[in-house]
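For reference, the structure I am asking about is given below.
All chains are identified by letter, namely A, B, C, D and E, in their written order; residue positions are counted from 1 within each chain.
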């Protein structure tokens, strides 16, 4: 456990975003093309579908000490593989509640829908999440090994 | 017999104070009640509980921690590494409240960690530790330490033994180290009043019915059981979890693994269990102990034969933890009886 | 009427005799009068060893996995909760219904040994027998019999049990029990936890997880943990370090809770097995509660029901923030 | 604190010679010019080789103490650590602990004929013996080396065969389970080949190493040929971690393979449980 | 497999990246990463010079993995993969890191942090690259024939289109006659023509086409396989007929709802619009004076919330016809909302209104009421616009009811493994991007089985489906996705979770035939059906199922790299 108070002023979170190749990743590209400026704290991992992200990976990321994890997928009804995001949605709800149950704030794990056309939304999500997690301070569950 | 010269008493109401003091000067490890009673590092006497029969985990953690750094390394600019050993035990430690059975187990562990190759981590901690034992007068149903020649009221394997004799503890030092500690904290101890011996004997009445099995020939009787189907039903029942081995004060198996970070890392060891399939699984995929039966068999053979063959002692102190906490109630005393009575061979 | 040990013995004997089964998994008296232990029979001769009493906590269904390749049918004794894990095993093709003969026993609660000893203020050796007597247990101790209210000494899962009678069986011994009078709000303890602040929750679970010694008893005893090779034992990729520290233990327990999500039937075996008394059911109950609230799903009820995380509805909750 | 038995010495990979598609011979020198660089071992011993950050594994030493310029390990990729080793390059650093375990009783074998039987990567520890006795050629009688692998591509140390065959009173018999168009040698399993060669047990000590199944049938064949169990020597493989008899996993009965082995006579093995 | 030797190429992209990110610093950093054998910067990696520098370095430094850190894989991945392939490296040993769109362009004000982020992204890319495996892109032959299910106007249009392009077509129609719903219509809007002209010409063309094989009356009983290779079996008049097809077009149409409202089926002078057309067509309508039509009967209600779109126009068309037959007749159309989309339809509506048809708006909370005992005598309606209740004399009540899914849609969906949406109509892969395809490759959809469509739309969709379907037929080969799922049968426990989540039914539980595992029930991936979404890999509890190119190992390595672990 880390004392969150001490380091708050200097704190820059490290946030991971799994982006679906067909929507959010393209949305992030569009945000880039549009030169929307945003905080530098989010790192993107491209997956073919938001449904590829297993809960183990999110739990591992948080236990590794990352301050937040996002899954960004296609809006309901728009999954390239028809239903991946619906399964993601179910899994994410259960996981989010479980994480929150052991004291990982809900803000630290988010599922958001960002289409290929929503560069502005991508940028807004990045900003909003960064702000929220910065306000929360560092992840309490920090791995040392 | 109480040795008048090396013995003292401490009033019960002064014990917390003594512990506070000990905690200032030493790493004090003592039983603490949380979800369970276990030995833990304590900062003050008030954290300590003495209301327990035996802890869930034995104090082996204090000498052989579940996870322990063997060395750290850092990467240098080229392809090299710099290594530095893991931390030495940084301070003298006192284990307070250790039971005679657990104290005996350390003697058995010493046989493993000493020898041709000396395990400096274990031995260093051992050397820097003073054991303050607590005599057992109210054993649990699962206790059978007399089987292994352990007197639950004796201080044979500790530096100092405390015996609860009502309003006070009888405090006996059985080693130089123990005597030195008594001297150092002399202010807490008083001279004997004279009735201590009598009071202690009265308390020993509770030990009368303790289970004591005859294990004098067990190692020999184990040998023919290597083949045969005695272990089938035990292996069947066993879930292959690590409870019995992790809670056992004499089990010492460990694994070694690395942590790798950008800047360097460490090699650590951690408890491992012969009940786990991976324990003997080779990289090639072969496993000399491929099933639960083989693993159960190894555990009991190790305790009652292999360890004996190597070290002349049985690797069990009769603490009863494996029996008490086994979720499927595999009963080590029953196995001893089956083996020694010859029943095991005839099934 | 509750089934008796004698009834179990007679009926198992008969099953062996008429060739219905070639093996039987049941309970026999364990190391003392407060313990039972799993018992494996190959013939009816030893059926007299079998017992059925309020100490029969073990969920034996996991042992069915060890009998996949034996000749003939395997008979097994199941309580209500155990039958639900049988349903889960069937659902995931882990056992063949045609090779299993299920002897169901309605159950009106299993004794929590530690609670019983504490309530009576006695040591285990003093107990001679424990019998079911409606809303209480009759505890025979040396020198007399005591009646103890069930609510004081039941196992946690029995206090919230909704399925006391097996849901799947070939034969049912004793009368079905439709509901247990003491069962109220299943999730009151979970709700208390949920109401805590993140900081309090983290503190609480940090303390709990730091106690874990990773003996894997909770996993190994879990009737729905059936993987050929568990991801925690895998080396590549290595999901979890063997080093025992809080964050690794966190990964272990959360992933485990997630892996049994929608499959856990709250038999309580994980918590019973845990030597460190970590409140593991709390995690599983939390997931169970969410699956019920979000997707109206209860595990272990119906073999045909699709697991909740393998399906979806267009109208599932979509709000995340 | 006394010496840390778990702390490896750093060593440098001088070269890596591919033997087969998955076996490489690593030539290694121990770092340090102040005399710590010395590494004294005997044929049959093993070392704990580590890649820092990945782990450690027991590897038999394949070089001979008679050639002290470098230590050699022939390593097959089978697991995490051996994979990591294969991904290193010359001049990379590895860790070495040891040498550990017992060794072949070369002194006792003096004056005798030697029958060396290897299968697959099992030739690695035997090569240490082979080079050792070559360097002390006068002390031993006739040397027969029988070596087999699954296919011609799986034979190790092929570049040295010519040299071996040129040694006095020495014969190298090669066999493969499956030949190919270019293979002119024997095709067949090692135990069968051994029976065909039909070596005399007289004044001969046999040492063998290879896959467990091969060892089993080789021992059967040697028994048939009249070798006594004191004269059949083999080396065993077990999962090991510490290498120093503490971690508890490599025991067969009351023997620890890392301390009391890995070299055992058949007689010793017969006294152990069939674990 | 040789030890990983990773080459890392960091792109300046002119000043796009280089102007913000300190590229030389990132290059130096890349060199320090594990398994990186070479790292360099390019001004433009995608330029000819950049590409040749990659090829050159692969050979010169014996690289077996390549990481390019530049722009987005969505545009440039094929280019760099080809460069690898040209240099003899499997193209799947390439990993893309996006430091332009995801870094330099969005952090223009913060060069230091942008550089740090670029380093971390490169580190993650390298961590993944270390675990990349070569993949093969399988190709499979396409059998040059199509099956079209449904002999209505959509199906016939599709069949003709494909046949005219020279492909064999099996047209499967469940009725004994081609033409579908069109056969029952009297006139078609907005041109007021008898549809039989149109139908006859199409039917004639279909029946006479040498490339079209008619199966009639016939229903599909079974279909297995995947794009290029479907094995189909149909029940043709009680006889089983089997054939192969490379593609399938579903154009099974829809049916008209027969309502249980307004005493339909009870009173003789209550008809549906379709009944009316049938009578007009057969000349059996008889005399009428007061016609009331009610729209949205059984549509846009809770159990059937959708608008069928065609019924308004049908009502308007038939109202006009009533007026045409009997100019004295009073014709009322009671509607909720009018769906007269498009210029022509709006115009048509206006004309009909001018011709004297009266349109009265009602609300669902206040439905029209039928008055009369033996027959309808009048209809009482609350006119919402005039805020008054009217009683309209009526000797003919005509109900406009929606198109509803065919009863056998579910059966067909099961056989073809294609999805059905909420209302019971077939569900296309993507409403905008892939409107006439199913998510499953090689199966296409058009006409009213997908959603109520009028004749023009049906024909257009039939053609659209055919033009999608002809692509694989023409190519003769289909590339099977390389990023597919794999199963390790040793650790698979056969629980079937992966099969349950697979949207493409690409996973089946089967008895293993692998040596040592014979008879074990394990999951098996049909690579031809797998689309590489990875849902199965995420659902598998113990990692027995993996997704090529996105394995647990690769993803976890990226997460660990970001966390400072190696």
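Operating definition for what follows: contacts are C-beta pairs under 8 Å (C-beta built on N, C-alpha and C of every residue); 3 or more make two chains touch, one makes a residue touch a chain.
Since the structure is predicted, the reported quantities are computational estimates derived from the model, not experimental observations.
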If every step must land on a chain the current one touches, say how few steps get you from chain A to chain D.
2
State the chain with the largest centre-to-centre distance from chain A, centres being mean CA positions.
D
For the pairs B-E and B-D, output the one whose chains share more C-beta pairs in contact.
B-D
Outermost chain relative to chain B, judged by CA means, is E
Rounded to the nearest whole Å, what is the centre-to-centre distance of chain D and chain E, using the mean of the C-alpha atoms as each centre?
63
Could you state the distance in Å from the CA-based centre of chain C to that of chain E?
46
Can you compute the centre-to-centre distance for chain A and chain C, using the mean CA position of each chain? Integer Å is fine.
36
Using mean C-alpha positions as chain centres, tell me how far chain C is from chain D in Å, no decimals.
51
Mind pulling the residue numbers of chain C that touch at least two other chains?
231, 236, 239, 241, 243, 245, 309-311, 314
Residue numbers in chain D touching two or more further chains are 53, 79-80
Among all residues of chain A, those touching at least two other chains are 56, 60, 64-65, 77, 83, 87, 91, 143, 145
The chain C residues in contact with chain B across the complex are 30-32, 35-38, 40, 58, 62-63, 66, 123-125, 207-208, 211, 213-217, 219-221, 233, 241-245, 269, 272-273, 275-279
So, in the complex, the side of chain A touching chain E is made of residues 14, 16, 21, 25-26, 28-33, 35-38, 40, 43-49, 51-54, 56-57, 60-61, 64-66, 77-78, 80-84, 87, 91, 123, 143
The residues of chain D that touch chain E in their complex are 53, 86-89
Per the touch rule, the chain A residues reaching chain C in their complex are 1, 55-56, 59-60, 63-65, 76-77, 83, 86-87, 89-106, 110-112, 140-145
So in the complex, which bits of chain E are touching chain A?
72-74, 98, 100-102, 105-110, 113-114, 116-117, 120-121, 124, 419, 427, 429-431, 439, 483, 501, 503-504, 531-535, 537-539, 547, 550, 552, 555-556, 558-560, 562-563, 565
